[in-house]
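What follows is a pair of complexes built around chain A, which joins chain B in one and chain C in the other.
Showing the complex of A and B:
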């Protein structure tokens, strides 16, 4: 009978004891962070759909480090750094999440699935009702996505890395994932994690920005909803098909994003019930679940420990803050152009975190004036934000790839 | 390097803004075409074009 060695039996503890102090401490911190994310998700402080699988994955993967051979440590979850095709085939039969990572994550498919789901949820009619206003606010709310680029360069990142982290300012998870996978593959794990953590915080942080920058009197401006024209499904479909084709023609590299989003929109407006319920349910929720889980599992101390992570944390926050400020400035410009009829709070909805920022705008307006309604305008700006974010992603990827 | 990146970011912003407004313009054009077609269809009464293409009248 073999001798029983406690450390050989409990390999998670053995590898913790044998690791370098930095790695060991990071593993413990990440386990605690994972548990905290699950807690925040369950308590609805952060987005539960993402945070619960992400937190469980993060805690579990950092606990489950074992000896793969006499000299090497690792996990049997995922190996994101493997590139050799022969080794990849081998590892797919060992690491239980490797097939999902390789076949849906590293090629951007999961980002496109989420985008398709977003398309099905979006009523593009609100954009078509006031196209110039919506697009103007959305482009103003991309300020962070643009202004963070030179800041990141000044902080020592390469142009590709700078563009990837700047995309956090568009507040669109799949877009950040897609861009960083193409432009900064080495940093896509920390960038995506930073993006999703911050996106969860927009619901808590942006209301303070609105209250700080817009006085209560202006927050309570009632907008005329009767001015909004009715848009027929045929018009929405015509717009979606033409826009998808034109944008794909201009930026073929971002065509998977455009196609996924507008396909979702068209299926919604064509009222194809079986496809709609398939994309709204299994595709969107399945992708969100695996997105959260894989991101959590990728947060293994050895993978995520990078001297640039601290810089990414600062830049991600800067980008989102600047985009929020840009959106509100856009709202103020529209307020002055419309001679006081436009509620500047709508500007925050240009940051395309669908539908969170639109809901934040309506909530703040409602708190200032119980009779005020801005949701249709906010949703229009919100969906335009998705389109402008995809355009900026297309420009960055095309120019820097 | 930083100055160049500011220039680059500005160019990206201008390109994105132009395309965003192009998309907004496209919306207006599509609406104009659809509305024109609809109003034309309303103005013109439906006239039978072929002999015998009249609606059948039940007696």
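Showing the complex of A and C:
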């Protein structure tokens, strides 16, 4: 009977034993974190659409390290660091997720697909109904996106890395992904993972911020929905086309995002049912699934271990917190301008996590006053937030690239 | 669409496009702080144009009838 080397038989364990202690411990921690994400996803504590594929990917990739040659270890999932075209073609024949990563993820296509889906879900009529209020709140809710930039530089990040992590404050996953892919390619994996982890926490975290900063009496303010003007679909389409064109002319680097978003909006208002169901279903859900899976798979210990990760975790949280506070300050300013008719909770919806923050605002208002409705205003601020975030992404990329 | 509201659409579009022209056409002729100021003015003009367009979506009593 031949000698059987058990460790060679189970290479995942063999590579764990052969790795440096830091890497080995990180792999174990990431496997456990992946399992925890799946649990939180299944229990609906975190966003299941993202967290389940992400958690499975994270646990699996860290368990599946094998010997690629006598001296090198790796996986047959993805190699995000390959840049040489010839090697890339070779590796696409081996790594099963490499084609999806190379052809949809690393060029930002998947972010644009998600944005297209977001566009189909958004009714731009709410922005047009109260444009000044919506845009003002959205601009205020970009406080974190702007204020975190100098903080990040002070903490030792480069301007490009600082801009990428500051974008977490806009609470828009595809936007963070798109910006970090262009500006901070070496750090885009940890930045995107930090962004998506925090985004799934907004649903749980922002209600506490609202309750802490806004007294119950103000949270229950009933807004007059009869004042909201009705906007025709043709007007929404015309506005979308003009806005898309003007913003693309101003910020060509962010044009893929603008185009994807407004295309979704236009398809919705043009009521093209087959396209709408295609984008709402296969495109949006397919992209979200692969986005989660690829992000999880990219969380391999060797890729994600970076001394800057801890700083990114702090900055991501800071940015998101400041944006929430900025939005609420915007809500308060509108409350004073309107002489008490505007519910300041709407301010949180300026953070462009569509539609989560709008839903959070409505939920908190409803909890304070069962008869109060702010959803149309919140959705307007929410969609404006998407537009202002894309503009800020365009400004950062244009200035720093 | 009434003529009253059409003027906001046309005016807003022209203002927005002139903002683009200032950013892309005029700003490169300057340098330093002047360039930044001209660019900011252009961006503001472009966004202002989009706001003017939104005035064209307002319904009045006459429009509704």
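Just so it is clear, the second predicted complex is superposed on the first by the 399 of 401 C-alpha atoms of A that agree within 3 Å, B and C clash if a C-alpha of one lies under 4 Å from a C-alpha of the other, contacts with A are read in each partner's own complex, and residues count from 1 in each chain.
Just so we're on the same page, contacts are C-beta pairs under 8 Å (C-beta built on N, C-alpha and C of every residue); 3 or more make two chains touch, one makes a residue touch a chain.
None of these values were measured; they are calculated from a predicted model.
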*Would you check which partner chain A:369 touches, where first means chain B only, second means chain C only, and both and neither mean what they say?*
neither
_Quick one: is A:230 in contact with chain B, with chain C, with both, or with neither? Answer first, second, both or neither._
second
*Partner chain in contact with A:146 - chain B first, chain C second, else both or neither*: first
*Could you tell me if A:243 is touching chain B, chain C, both of them or neither one (first, second, both, neither)?*
both
*What is the contact status of A:131 with respect to chain B (first) and chain C (second): first, second, both, or neither?*
both
*What is the contact status of A:159 with respect to chain B (first) and chain C (second): first, second, both, or neither?*
first
_Which chain, chain B or chain C, ends up touching more residues of chain A in the combined arrangement?_
B
*Given the touch rule stated above, what does A:106 touch, chain B (first), chain C (second), both, or neither?*
neither
*If you lay the two complexes on top of each other, which residues of chain A touch chain B in one and chain C in the other?*
127-128, 131-132, 135, 232, 235, 238-239, 242-243, 246, 250
*Which of the residues in chain A come into contact with chain B in the complex?*
127-128, 131-132, 134-135, 138-139, 142, 146-147, 149-150, 153-154, 159, 162, 232, 234-235, 238-239, 242-243, 246-247, 250, 384, 387-388, 391-392, 395-396, 399
_Residue numbers on chain C that touch chain A, as the complex places them_ = 1, 9, 12-13, 16-17, 19-20, 23-24, 43, 46, 49-51, 53-54, 56-59
*Tell me, which parts of chain B touch chain A in their complex?*
1-2, 5-6, 8-10, 12-13, 15-17, 19-28, 30-31, 34
*Spell out the part of chain A that touches chain C in their complex, as residue ranges.*
127-129, 131-132, 135, 229-232, 235, 238-239, 242-243, 246, 249-250
